[in-house]
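Shared between the two complexes below is subunit A, which has subunit B as its partner in the first and subunit C in the second.
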Partner chain A sequence: MDKQFQDLYKLNQQFSENPGNLKKQRFIEDEQIRFQTDLPYRPSNMTYFENIMYNRDFSSGAKPRVGYFCNMIPQELIYAFGAQPVRLDCGNAAGALIGEEVLCGDICPLAKSSFGAFLNKNSIANSCDILILPTSCDAKRKMGEILNDIKPVFMLNLPPEQNHERFARQTYLEFLRLAEFLRKNLKLKLSGRNLRKYLKLGQQRSLLVREIQKIRTINPRALSMCDFFLIIQSSMFRPVDLEDWIEQTKIACDEIKRFKPPRKSLRTKLVLTGAPIIWPNYKVLNLFEECGADILADTLCTGAQSCFDPVISGEWTNGSILRALANRYVYASACPCFISQNTRINRILELVDETGAEGVVNYSLRLCQLFDIENYRIDQVLKSKKIPYINIRTDYSLEDREQLRVRIEAFLEIF
Partner chain B sequence: MNYLYGILSQYLTPLTSPFFLLGLILSVDIAFRKLNKLTHKVLLPLIFGCGFFLFYIVAGKNAETAKWLGRLNNPLFAVLAVIVVPAIFLPRGKYYKFFLILPLLAIILAVADIISQILASPEKGFHWFLIRPGYLIAAVAGIIVIAQNFLKLDKFRNFTRATVLVVLLFGGFAFRQNYTDYKSMIERRQNTTPDIMNISETTPVMRFDNRLVYIPSAPCRFASDGGYVQGCIMELTQRIHQINFDKVFAGDPSEVSLLAIALAALLSVTVLAYIGARWWCGWICPLSTIGELFNFLRKLIGFSYLKPTKTARITAVTSGVSLGLFSINLAYLYTKIDKEGKFMGCKIPIYPFCKICPGQMVCPVASMADSSYFVLPGMEWLFGFFKVGVVALTGFFVIGFMTSRRIFCRFCPMGMFGGVFNRGAMLAIKKDPRKCNGCGICNEVCPMDINSIQKEMVKTDVSCFDCVYCARCIDNCPQDKCLSLEFAGKRIIESDFTKKMNNG
Partner chain C sequence: MITAGIDVGSTTIKVVVLNEDKIIGQMIVPSGTLPAKTAQDTFDKCCEANRLNKSDIEAVAATGYGRRLAKFGDMVITEIKACALGAVFTKSPYGNIGTIIDIGGQDTKVIALNEKGDIEDFAMNDKCAAGTGRFLEMLANKLELSYVDFISAALQSKTMIHMNSTCAVFAESEVISLLARNIDKSDIAAAAHNAISDRICSMVRRVSSKEVICLTGGGAKNKALANSIEEGLNKRIYIPDNPQTIVALGAAIAAQNKIIKGEENAF
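Moving on to the complex of A and B:
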């Protein structure tokens, strides 16, 4: 395989010496944990997902760990190599502060915060053996180069346009290259049987997520969106046994299916779209929860949308499955890094129809230009369809919480 | 049984007309689209049916009209109208199982006919299954309609294909009409003169030999003992071109009747194509079923298929069109040959396209079971155009199906005829663009490698020229209710990932 990076000006790994910041990170996490524990109507086996998510012991396990960013990296492929995929996107507001020490200040908090985890000695990011990044935005592209000094990095080249006819083969070759990189660096072989097994597990996961979403459209109080996000993210952001996860989610799903609301819910139903919301940055979700609105569905790459599309392969050969992975992870993605935003607008309108939601919330992360620019068209389209719409432009910091609360309460007054 | 068959054929004659089938489907279509009340929906087809019976009886009084209507009659249309159309349009509720009595009855009648013919045959011994075509087609349709209730879409398609393949390939000897018909077949088998013109049943002959209708895909006449149906659309086109029009204009009665029969066949095959379009390719065509076996072999070995490049696809289509047209011209030149069988010094065979068509190489091999003829009748014509053509196309057939699924079907002129009816006719693939997530699995599983379904983000009708209606895209689509197959306004299949996964 041709090398992507030359180690000509390689720098040594450095760690941030800022114990106060680490304390602050833990504090933010604890705040979110406390908020979520106090939520009403939680499934009884929520502790399973919490244990996964709140675990602070990041020592590497039996399997080699592969860290990846964004929802365009095929988890199934990493699993099939016998490795443990861990998504490294980070949502900690304090992490963004130390990320700034290396990255410049004017990039999105997600990148800064994720990079901040690498400056922290005891973090899941540093327990990974190799890293995979897609070229989804400028921050990821350059972060990959910096991270290559620390660990072997593979940059997955994405086509700029989701033109399946023109770029499907190119993407497939790119995925082949990724498989080659994994084989070389993990010194493990790709097992066809494992690939098929995890493909099926992935399909089951999508099916469960779909089912929970369906239940939530009828009965939003059965599971709060925070907990739904936590369940989904525990299967990606931490080392997890997917089979166990599916079993536990099934139990939780059965439980929320049986849920009977004590009285009629008058809470506003909303659809969430926009930038990723990653634990512990559930600021917006918490605010909507508190202000009396239910988010029924989302198009977030860290929410239900991330698992909504299953990988379907026409045949069971490795090549065919790789093609199917490329299709699902690149061409079914609603990320704004691709030229056309039609898919996302279609998805929003479809979700509004499907769930009977009354309004749409756009969560736009400050300094992520892609989401910011797309915002205009979504605004205009929704206005023409007479769907109430609010754009919440904020970053990770918790300081603007009360200002946002005022805005959200004012927005909810419409209904 | 003879008595019963007499009664059935006497009273059900109007049903065997293609116009009845066409009118029935159109009236049901209108009933489903325009009318709301259930009684009205039932009433409109009923009124049409009664009207058509009346019309048929009145038209039957005129000898000339009766002759023309009689030429179009075929049990296939009756079976489609009585068994298949209700199976499509009847609501799948609690009472659907009462309808299934009808196909069951057809199967029982077929079995009874076989038994009665065995008992009636003067000579003891094994004569395969002697059965009248009407009963056989009804029984096959009945089996398929009943099987549909138990099988998943993928299995059901393969089941249909296999069932039809047996009839089309082995029907030539396995399902003869009666004992005398069987004897005449055995007699013809003794004739092993190497001249291809004499092998009357293996080669399509210039006469109407009481076989069934043409069907639009490639039901090859070169299957052993002539297969079960008359042939494909290319055979019919060449047949029409081989008719000596000088004689027709001079009023030669035999030539005129040949033309009349061929035109009637063209009309009924057009009706079938209008109803089924390229569905016949995806579900019925024996050539593609044999090709799918090669494809299955590739899957067994574990090779991933090759995606044909755009150039390869365009080359296949253009060469199919040009070769088809060239052969039809050659067929026309057949009427101009001199006594040595030559035109301008070149030998021109009868049915020139069949001489290069892979079906003529593949079908006899596949149905060799009881055929005593020379396997590859085309070999006698190994010279020039035909020599290169037969080797190249058979190679293309085998390698095409082995490596990149149905690339051959883009070439196939028989399929192109159906493709003309793919848009605007009865079958349509519909897409709800808003539900599409753009994953492209419809392109990935499509044996014809169609991109337009994935790309279309505005229109709802996504059927296109190449589509063979195998419904794999609908079966595999991960978005519930995104893709669907519509037949005359009725939604037959719908993509439903949740249901598919929950059923295992």
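Moving on to the complex of A and C:
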């Protein structure tokens, strides 16, 4: 296997002693937990999911840990090697300030925040043994290069187009190369049985998320979008026992199913699209909750969309499963990093239709070119279909809540 | 039916009392440091000045940045919706309003309307002073001119000089260096107006520049600014009477509409 990176000018790992900032990071998490605790109608086992996200003990467990970014990396494959996958995209506003010490300030807050985590000795990022990054955006590509100096990094080359005919074989070969990388660096073997086991668990997760989404479409008050995101993200962003998670989510789902709204809900129904919203950066979700709107569905790689598509494999051979993983993780992705936005726009229109939503919200992360430029097309398409639309453009900072609030309130006054 | 609208802004508080289709009272006062108290006081004073009992007023709608501070209000509405309602109510003599530009002390809004007068789209600049009334205030101060003299000076300018700064704070230093180069105060004043008008015009173009373009807010009373925007957009600008109280007027209309709707539903 040829090397992806050249080790000619290796950098030393830097750490940043920053107790004030770590306190601030904790404070932001506390605030978010507090906000969600005050939500009406929560399943009784929400603390299980909260504890997973809030836990700060990242000491390595029994299994080696594989950190990954974005939603194009197959968790099932990592599990099949007997390792624990952890998604490292960071959602802490204070974390972005740490990242700025090394990286330029004018880049995506997600990149700064995620990179900043590596400057903290005790972070979950540093507790990982190896890292996987897709070539989904410039920030990820360059971060992968830098991170390779501190941990073995695998960069998954994504096709620039979601064109199955043209790129399916290349993607399959990339996934094969990933499997080889995992085998070599974890010094573990791929267990066919585990692969099939986690495939089934992944399908169960997908079914649960779909079911909850269906319930929320009819009964949005049964579960707040903030809690739904928390439940979903706790299965990816922290080391979790997937079987436990599925069991707890089933319990929550049953409770949600039995929820009877006390009165008719007059809150505006919306579909959310756009950039990743990662705990504890639920600022925009909180605002919609407070302003009296319900988000029924989303196309976010960190929301329901991330688990929506199950991996469907026709045959149970490892090769067939790898192809199925590639199809689901790469070709079903709604990320704007691919040329041709039909996947995403079709998905938005499909969701509006299915859920009966009255409008669409686009959440765009300031300094992300992909989402910034995307906004134009979505605006024009939705306008032509007379679907009310608003673009909320912000970064991770918590200071612009009131500015966003007046925009959201003005948008909701249209209905 | 008498309703009132109160616009609790960051710089000034405006009250408008409306009787059906006639404005029977209005008042503008600085917000000061205790806007909640000032809002209540202003409302009381406005009623007194127009010999109205508070019980004569059927409903009060609060809007503006401090809309939730005016706790005595009966409903809350954003300044965007209120601005649209107020502007359309003034019945532009040039035809339907397509775009509203509201230039406030600390924010600027552009609102696109459809033929029915409903809001189609909007954008706000409320994160940066360069593009708001504050920018001009700061520069008038730097030139040691009263705001009124600052505007007259701008109107007298014959040359076009360009200010480079995109930031209101750095613009202050730029004014000092222009003065040092013996540039006329009137030319600097004109340049300041052009700078803010450029920013406003590019915001307008991003949202909508459909005619008729209506200018509201305190900034609309500034003739030099209005001229600069008119030139920048190359479209006709309509400035209603009392542009600064349009949002409060819109709030009063919103209260009226709500009452009428309630009466309709009762039958």
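What we mean here is this: the second predicted complex is superposed on the first by the 415 of 415 C-alpha atoms of A that agree within 3 Å, B and C clash if a C-alpha of one lies under 4 Å from a C-alpha of the other, contacts with A are read in each partner's own complex, and residues count from 1 in each chain.
Definition applied: a residue touches a chain if its C-beta (ideal position, glycine included) is under 8 Å from a C-beta of that chain, and two chains touch if they have at least 3 such contacts.
Predicted model, so just to flag it, every value in this text is computed and none were measured.
Touch criterion met: A:Asp400 reaches subunit C, while subunit B stays clear of it. If you count the residues of subunit A touched by subunit B and by subunit C, you find the higher number for B. Using the contact criterion defined above for the overlaid structures, shared-chain residue A:Leu207 touches subunit B, although it does not reach subunit C.
Legend: residue contacts after superposition of the two complexes on their common chain; A:Ala410 is shown touching subunit C, with no touch to subunit B. When the two complexes are superposed on chain A, none of the residues of subunit A touches both subunit B and subunit C.
Residue ranges on subunit A touching subunit B, taken from their complex, read 162-165, 168-169, 203-204, 206-207, 210-211, 309-310, 312-320, 323-324, 327-328, 331-332, 334, 342-343, 346-347, 349-350.
For subunit B in complex with subunit A, the touching residues are 299, 302-305, 307, 433-441, 443-445, 451, 454-455, 457, 472, 476, 478, 497-498, 501-502.
The touching residues of subunit C, counted against subunit A in their complex, run 65, 77-81, 118-119, 122, 124, 126-127. Interface of subunit A with subunit C (complex): residues 400, 402-403, 406-407, 409-410, 413-414.
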